[in-house]
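Reviewing the structure listed below.
Labels A, B, C and D are assigned to the chains in the order they are written; within every chain, residues are numbered from 1.
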Amino acid sequence: MKLTILINCPDQAGIIGTVTNFIHTKGGNIVYIDQYVDKESATFFMRLESEFSNALTLNEFNSGFKTLAPTYQMKWEVHKEVTVPKMAIFVSKYDHCLYDLLSRYSSGELDVDIPLIISNHDKAQSIAAQFNIPFYHIPVTKATKIEAEEKQLALLAEYKVDFIVLARYMQIVSQTVIDQYPNKIINIHHSFLPAFAGAKPYHAAYKRGVKIIGATSHYVTADLDEGPIIEQDVTTVSHTHSIKDLIAKGRDLEKIVLARGVKLHIERKTMVFNNKTIVFI
Amino acid sequence: MKLTILINCPDQAGIIGTVTNFIHTKGGNIVYIDQYVDKESATFFMRLESEFSNALTLNEFNSGFKTLAPTYQMKWEVHKEVTVPKMAIFVSKYDHCLYDLLSRYSSGELDVDIPLIISNHDKAQSIAAQFNIPFYHIPVTKATKIEAEEKQLALLAEYKVDFIVLARYMQIVSQTVIDQYPNKIINIHHSFLPAFAGAKPYHAAYKRGVKIIGATSHYVTADLDEGPIIEQDVTTVSHTHSIKDLIAKGRDLEKIVLARGVKLHIERKTMVFNNKTIVFI
Amino acid sequence: MKLTILINCPDQAGIIGTVTNFIHTKGGNIVYIDQYVDKESATFFMRLESEFSNALTLNEFNSGFKTLAPTYQMKWEVHKEVTVPKMAIFVSKYDHCLYDLLSRYSSGELDVDIPLIISNHDKAQSIAAQFNIPFYHIPVTKATKIEAEEKQLALLAEYKVDFIVLARYMQIVSQTVIDQYPNKIINIHHSFLPAFAGAKPYHAAYKRGVKIIGATSHYVTADLDEGPIIEQDVTTVSHTHSIKDLIAKGRDLEKIVLARGVKLHIERKTMVFNNKTIVFI
Amino acid sequence: MKLTILINCPDQAGIIGTVTNFIHTKGGNIVYIDQYVDKESATFFMRLESEFSNALTLNEFNSGFKTLAPTYQMKWEVHKEVTVPKMAIFVSKYDHCLYDLLSRYSSGELDVDIPLIISNHDKAQSIAAQFNIPFYHIPVTKATKIEAEEKQLALLAEYKVDFIVLARYMQIVSQTVIDQYPNKIINIHHSFLPAFAGAKPYHAAYKRGVKIIGATSHYVTADLDEGPIIEQDVTTVSHTHSIKDLIAKGRDLEKIVLARGVKLHIERKTMVFNNKTIVFI
């Protein structure tokens, strides 16, 4: 049995020794360990991967760990490697990120299940079909927004979705949905945040005359485009590039930056703290 | 005689033919030509470098060009290659950009004269001495600001300065100075603008948890950190970097991005339009 | 009528003036001009885009230009914008570049026709079908290579193919084919050439312990992986990356670097000289 | 007392637990831990930083660790944080890297002592003087090479030098010197190795027509430019760049890539294995 263990707690002496020693006594072999201390808040973070003989059950591990955690006021989660997370994709009209995620998925690059795709348009239906993934067309208008989100939440529950990817989904996700999936909704924003938050970042970048454009994948919080950043990348542009050119160049960034963010989340390499991500690589 | 010619005018048919033909009739050989049309405003921009037999004088060229320019409502400037521009450096306490510019200058990388360095602190005096450049310590306080800028302007006039580089000069330059040097004051800002404009960008970047930091060289306008961007570059960072680390990594960006911006300006490769730069490379 | 004109000739005075003036007399409006002089060989290169009233025919333009070209020993080609080039794709088992090119094609990002896909395996058949493009499975063995290439050439002729893209085609293209498509076969090599030419570059990069990996798109010549480079890009790696990781990271580079190279070729922005490319952007 | 501990040994279960537990029993608090397993060779690498009460002496720690190490066939080294390493700089005529290192040193960016600078030319004498660092001019000719290296080794011994930086030192360092400073001589090569190893890489890059140039800092081994790579970076170039331009652009890369490599070495973040570096960041 292979476990991935994520821990955070107030920083104090002996945590690493205690945890690694506990794993050792359970017959575990640590194959990965990384830790980080947020000095400002004196908070300790650790990520471990450990292999155990299958004699040990996850429950046995947990019950053992439960006795040790309180001493250090640990918050912790344990993931069994075999558990492949279930990812829902939300998309609107722009389908390049959807296409990119699905081809990475079908090529085995992303170790995830994709039980469904939800869209406020029907444009992506054929792509979903092409990859044999259930597609749900849920239009969203001011009037129907609440009702639409109820449908979405019902589907997410029905398919036991673990996290959601907004692959250029052009609707604002409401508090209700965010609260049910805290740090479990990944969005791609087509600018290097915090620059050009909100609508039409390429137009704003063109108007400002920047020499680089970027993309940002981040967890969705109540504050639009202000959630914890997972990954960012940029590319150079010049005065010769029209808005159309920026949009075309940006598509490649969006695809890669979103895919990297999703991959890190799937592999449980991200932890969120103080509206930032700790990314263990 | 080698001339660099910069032109902009309303876009219309035949400009390039007319100009290149004019140069041809003056016995000029065009060794560089690049042009750009701003579609939105239908404005035409062109940069040429042309070699002439020394029989032709700059005056002869100008008087000839004067007759041709009005037909196209051209705004134009001509630079004789031999004229090395005079650059003043303003600096405060952080001296890494000053150091970098001076070593590029002394190695011959920047084809420029540096008649003086002005600082609101005396810290850089020894560096100026080391490179044998006159140094003027002009302290600036709320009370003395106007008087201080009068001293600065007097010195800039006395030394016939063509343009000014703010090498981490931590004072806001007032309208009076900007008006006398329009698009001739280059500042380095230690973030990828428009993100983190204003004070302490590295602290803000740390707080926001960005995964890239950047630097921006731009012409100074009345709006702080909102002038035309000349050059930008970025570098990746992670949660493990403290503010101190960001500042250290950023220093390298600041040096390079400022040096590139200055070099482009010295070589008359930049034109400013609608608060953007056209950079001919 | 819009024409793209590519010229190269021995460098000499007055070329630009003469050409632009000629275009002007034909009622053309130059919307793009860029030029470059290779100092070593004193060779002049120019790219122009010019709009003409449709009264003028391509033949009229050509016959006029014919009289002017010899004076300067010009080599020149003229392309009518409406002519969309025909691109054949060769592929083997790895299909990520094929997928990427086809999705850019179907989204209208690449202004090209794709009359056929040729592969030495049948794996890509379904992808071709999905995009409704004729697919030809032509197996290649030592014994059948000559015969296979005859089939390929017959198909390329039948479909009037203008240029060929090797999208991770794992067979060496023989002199016969190259001679019929000089500087018209684009290959993607999965390293930053000249490093790691030949087979298994990711394995070689892993063994060497490089901290960056790259990809290179280039025109195919008789010397394997030594043709004129069109585009290159890199990404950072570390000791933690396995060969499998390098291959995964490299896929994104390969897709982007090949797509950029193909786009530049389609837009007639590349010229080849002395086994290098001049890329007008 | 703060210790940095570097360990490598055959990979096996329980190492991390044992080591961290040992540190815990010695009253140490681990503030940094990172580990890596080379799967191919089943070799384990670990880097730890741990704080101890000053009651514990380095000797006590070592004698304790000695009893534990053999069980796992550990190779290990321990560094007391207070010990600032002594770095010798070798330089020839190009002084941009020397300048850069010295200004980082004088600004406190590099936590190192620089007891001496050795050069086969006297050009850098004034720079050394400017930073108050002893300078030794040791000319090297075919005839005097052996003798010259004896002088160098004598000085390195006299000044108790820990490691050597070749800041564009244009002489080949002989086996004798390398043997005395294994993985303790850092060179900057002005290309992205393995491309363009050997002399005049910028000329070779120009001739090949690459679209990126790079720099590489690496440990010096008997095989020229084939030692373990510490750090690499690149920048884009185009057909418009002359060899002179490549050299100018490259200088910035060389400075940064060497400085990064030196910083990693100073902070004991590098381990060498199978002619590669493991870089703990």
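By definition in this document, a residue touches a chain if its C-beta (ideal position, glycine included) is under 8 Å from a C-beta of that chain, and two chains touch if they have at least 3 such contacts.
Only a predicted model underlies this, so the values are computations on that prediction, with no experimental measurement involved.
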If we define chain centres by averaging CA atoms, which chain lands farthest from chain C? Would you check? D
I'd like to verify one number: the distance from the centre of chain A to the centre of chain C, where each centre is the average of its C-alpha atoms, in whole angstrom. 37
How many angstrom between the C-alpha centroids of chain B and chain A? 42
Would you please write down the residue numbers of chain C that are in contact with two or more other chains? 240
If each protein chain is taken as a node and each touching pair as an edge, is the resulting graph a line, ring, star, complete or other? complete
Interface with chain C, chain A side, in the complex: residues 96, 99, 103, 107, 109, 130, 240, 248, 251-252, 256, 259, 281
As the complex stands, chain D meets chain C at residues 36, 39, 192-196, 208-212, 214, 228-234, 238-240, 242, 274-279, 281
So in the complex, the part of chain B that touches chain C is made up of which residues? 13-14, 16-18, 20-21, 23-24, 29-35, 37, 236
